[in-house]
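Labels run A, B, C and D following the written order; every chain starts at residue 1.
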Amino acid sequence: MAGSTFGTIFKITTWGESHGAGLGVVIDGCPAGLYLCEEDIQKFLDRRKPGQSQFSTPRKEGDIVHILSGVFEGKTTGTPISLVIYNENQRSKDYSEIASFYRPGHADYTFDMKYGFRDYRGGGRSSGRETIGRVAAGAVALKILNQLGITFTTYTKSIGPIVCDERLFDAMQINQNALYMPDAEAAANASAYLEACMADGDSVGGMVECVISGMPVGIGDPVFEKLDANLAKAIMSIGAVKGFEIGDGF
Amino acid sequence: MAGSTFGTIFKITTWGESHGAGLGVVIDGCPAGLYLCEEDIQKFLDRRKPGQSQFSTPRKEGDIVHILSGVFEGKTTGTPISLVIYNENQRSKDYSEIASFYRPGHADYTFDMKYGFRDYRGGGRSSGRETIGRVAAGAVALKILNQLGITFTTYTKSIGPIVCDERLFDAMQINQNALYMPDAEAAANASAYLEACMADGDSVGGMVECVISGMPVGIGDPVFEKLDANLAKAIMSIGAVKGFEIGDGF
Amino acid sequence: MAGSTFGTIFKITTWGESHGAGLGVVIDGCPAGLYLCEEDIQKFLDRRKPGQSQFSTPRKEGDIVHILSGVFEGKTTGTPISLVIYNENQRSKDYSEIASFYRPGHADYTFDMKYGFRDYRGGGRSSGRETIGRVAAGAVALKILNQLGITFTTYTKSIGPIVCDERLFDAMQINQNALYMPDAEAAANASAYLEACMADGDSVGGMVECVISGMPVGIGDPVFEKLDANLAKAIMSIGAVKGFEIGDGF
Amino acid sequence: MAGSTFGTIFKITTWGESHGAGLGVVIDGCPAGLYLCEEDIQKFLDRRKPGQSQFSTPRKEGDIVHILSGVFEGKTTGTPISLVIYNENQRSKDYSEIASFYRPGHADYTFDMKYGFRDYRGGGRSSGRETIGRVAAGAVALKILNQLGITFTTYTKSIGPIVCDERLFDAMQINQNALYMPDAEAAANASAYLEACMADGDSVGGMVECVISGMPVGIGDPVFEKLDANLAKAIMSIGAVKGFEIGDGF
């Protein structure tokens, strides 16, 4: 079954591997007449890009987006928007070590069992780089939603045992620390905690919180297509996400 | 958008309101040759049925399932299986009080805004009775999965502050208390706790845990159709569910 | 793969066999607030019903429709509309002769190969009775389209070599002859031609023409979801239909 | 509604305009382990390419395909295959004349009404160049089907009044004349007929016939997903196609 397409009216199809020629997304169903340029998308790819702080993958990635279709004279035309991000230096590395064993916490074994062989150059389709297509499509969706008065505030709520203090919530702070936390003190503590984990060769989970404002009444449909259900599917389909709560949650 | 259909290969479509003529489900894509009779489904509808303990809705419901198609000489034929459960006494009640205000915690206001009017006889399509179609289809799905060696153990993990003790886990206990808890002592405590809540006119949340055994490697598809993502969507689409975790979760 | 569902926004799911308990359709996505009663649907089922003239299957069928959900106080609620038509006398017949061989021009062999066994009581799911669900759903769709100013004129254009003369087209004539032809002389000729065919134990094909008026500009979507393409799929999915033309056609 | 995706298990999403940066297709659900290289696809793009005879658009097109994902060490990986064909010289032309009026037989007016503006550089998404994505995906599908023993013979059956003589059918002849006809005499006649039409500034229709061999029993699903219905939808979604017949047809 083909699993790389999401959505019905605004429909995205992502493609690409971590070590292939590139990655991209086709966005079909975007309304015509929306002003759209590469910079609208690039700014989110730049935030997604690893190697920006000591806490993420040190690998350097350019991740420059190109719009190949669906935009004419600066506006969307209502036809599919094809976005491509070429991989750089995808050929040089020596994968002999990675090719000979299954890495824990990766989909290596699963891919081998499901497809009969695997792309041993890296995570391939199950690499974190797969989210490039989601981020690019999300940038376009966000532009539409913002025009409709729907806004998002998203931040790291907790890392391991370090939880942001709601009383200290400061939206301005979110983009001012490498961990995207809205509480400067928690960010400092989480930073120290992560350094200790990394020194031990360990990793740790956390929680991301997203506050959506300006929603009209009645979005979503009864029974199987509730908004809650589709948000849960979208978020749970991101690699490494293990839980989803809405409203008061658990 | 139509929201009452779920699934691609094994596809279910539910219908029916709490106070209409009946509720049901059409199951399309069930393999041919599966032995199936009404009792296979009825036993799960009987467990779903409220009014069996003092903790659930006291309303009496017969909830007798009828197979209208898709089964011939005791076996499925590969064509759609139509199941119907007729409502009893759906006409007699006086709804004048319910019709005049929106009930907190119900979808009354949302339905009115979305559709322009609402079925003031009760929750209608957003009533808990909507799950009858899911339970009936689930009984058929379970029979197929069991034949493939996939089994489910499902129980109440916690109610309010009362959490089952994993060391006292007893699968036999699950169906021996009205709260479906695998720990008899927790069940007794939760029962007392619920009685106190009900005396205060209050309600309380809880957690349900499901352990799935016998899964083959490679079920689900990369990116948007991961098994995690589709399970989350299915569970989060049940009314009143507010969170979903998989594996170690949060 | 489940094949009994059609449509995205207005989505129909049909079920039922020629010799089971009944047939029906679930219509999901019908707008709320449409006046709808059983008579709106029954009048089309009555036209569909065989045994009304000497040229169709002599079997008598009651085919009374029941609305089980989705309508409240005479108007649709926006939730699924479940329609059921119970089969009468579905148990008495002796099928021993039919059970022992594959009938030419039926799906008997195909069903046996695909599903491993077949419902030897008759065509089952591939019987002409399967169209009952389509006709019932079509009656609801027609009511919506008519309110939008879209109207349909449908008639038999030709039977075997007998073709209606466009210059003699008379819309009033369509429902006044058993063959639904808009040209009385052609209808008389076709009637004589069919009697001769039946005397020879032969069957013959024909063409149905449908003129749709009042269509707004821009219905359908570029590339794979063109209106032409979806009409062709819908019509070609009717048993025994072998060709489709639009506009000037061939 | 997004209309650029077709299929469920083998799912294709096409994108691109006649005068944009390029065109392409994402193929999702292709089985892993299929040998696939650019030449497998290029040979069909070369046949599709106009400017090869005096009867088709004189425009020169390179139409070189690039595989951007889904193939590793010469074999498909089971993940999406992204194919891109860059447009050449897409910027230089003067469109001022075309921009000022709607061309008959094109979708110019419809696009303007539906989307509020149009890409006046040419047909855009409704240009014949849109079929590039279909041909590229079709080349991959064909390779899979051929491995399963399913083969296709496709040719021009008629052009205007010139119909190939079935008794003179010669499969070898199909690729030896510019009109892909299996009857050399008919091809010569059709060629003369087309030259006369072109001298008059006129166009003419024709029929394409496709013979599929090696089909297993039972492909397709009952009711709405019959093989006939899906073939009809696929073919009728090609621009300028106005009719579809199967088996004996009309």
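As a convention for this text, contacts are C-beta pairs under 8 Å (C-beta built on N, C-alpha and C of every residue); 3 or more make two chains touch, one makes a residue touch a chain.
Just so we're clear, the structure is a prediction, and the values are computed from it rather than from any experiment.
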| item | value |
| --- | --- |
| Intersection of the contact lists for chain B and chain C | A, D |
| Chain located farthest away, centre of chain B as origin (C-alpha) | D |
| Approximate Å spacing (C-alpha centroids) for the pair chain A, chain D | 35 |
| Distance from chain B to chain A - Cα centre to Cα centre, in angstrom | 32 |
| Where chain B and chain D are represented by their mean Cα positions, the distance between them in whole Å | 47 |
| Touching two or more other chains - residue numbers and ranges from chain C | 1-5, 8-9, 14, 79, 114, 125, 222 |
| Residue ranges of chain A touching chain D (in the complex, touch as defined) | 1-5, 7-11, 13-17, 20-24, 26, 28-29, 32-33, 66-70, 72, 75, 77-82, 84, 114-119, 121, 124-125 |
| Residues of chain C defined as touching chain A within the complex | 8, 79, 222 |
| Touch list for chain B against partner chain A, complex | 1-6, 8-9, 14, 107, 109-110, 113-114, 125-126, 130, 207, 217-218, 220-226, 228-237, 241-250 |
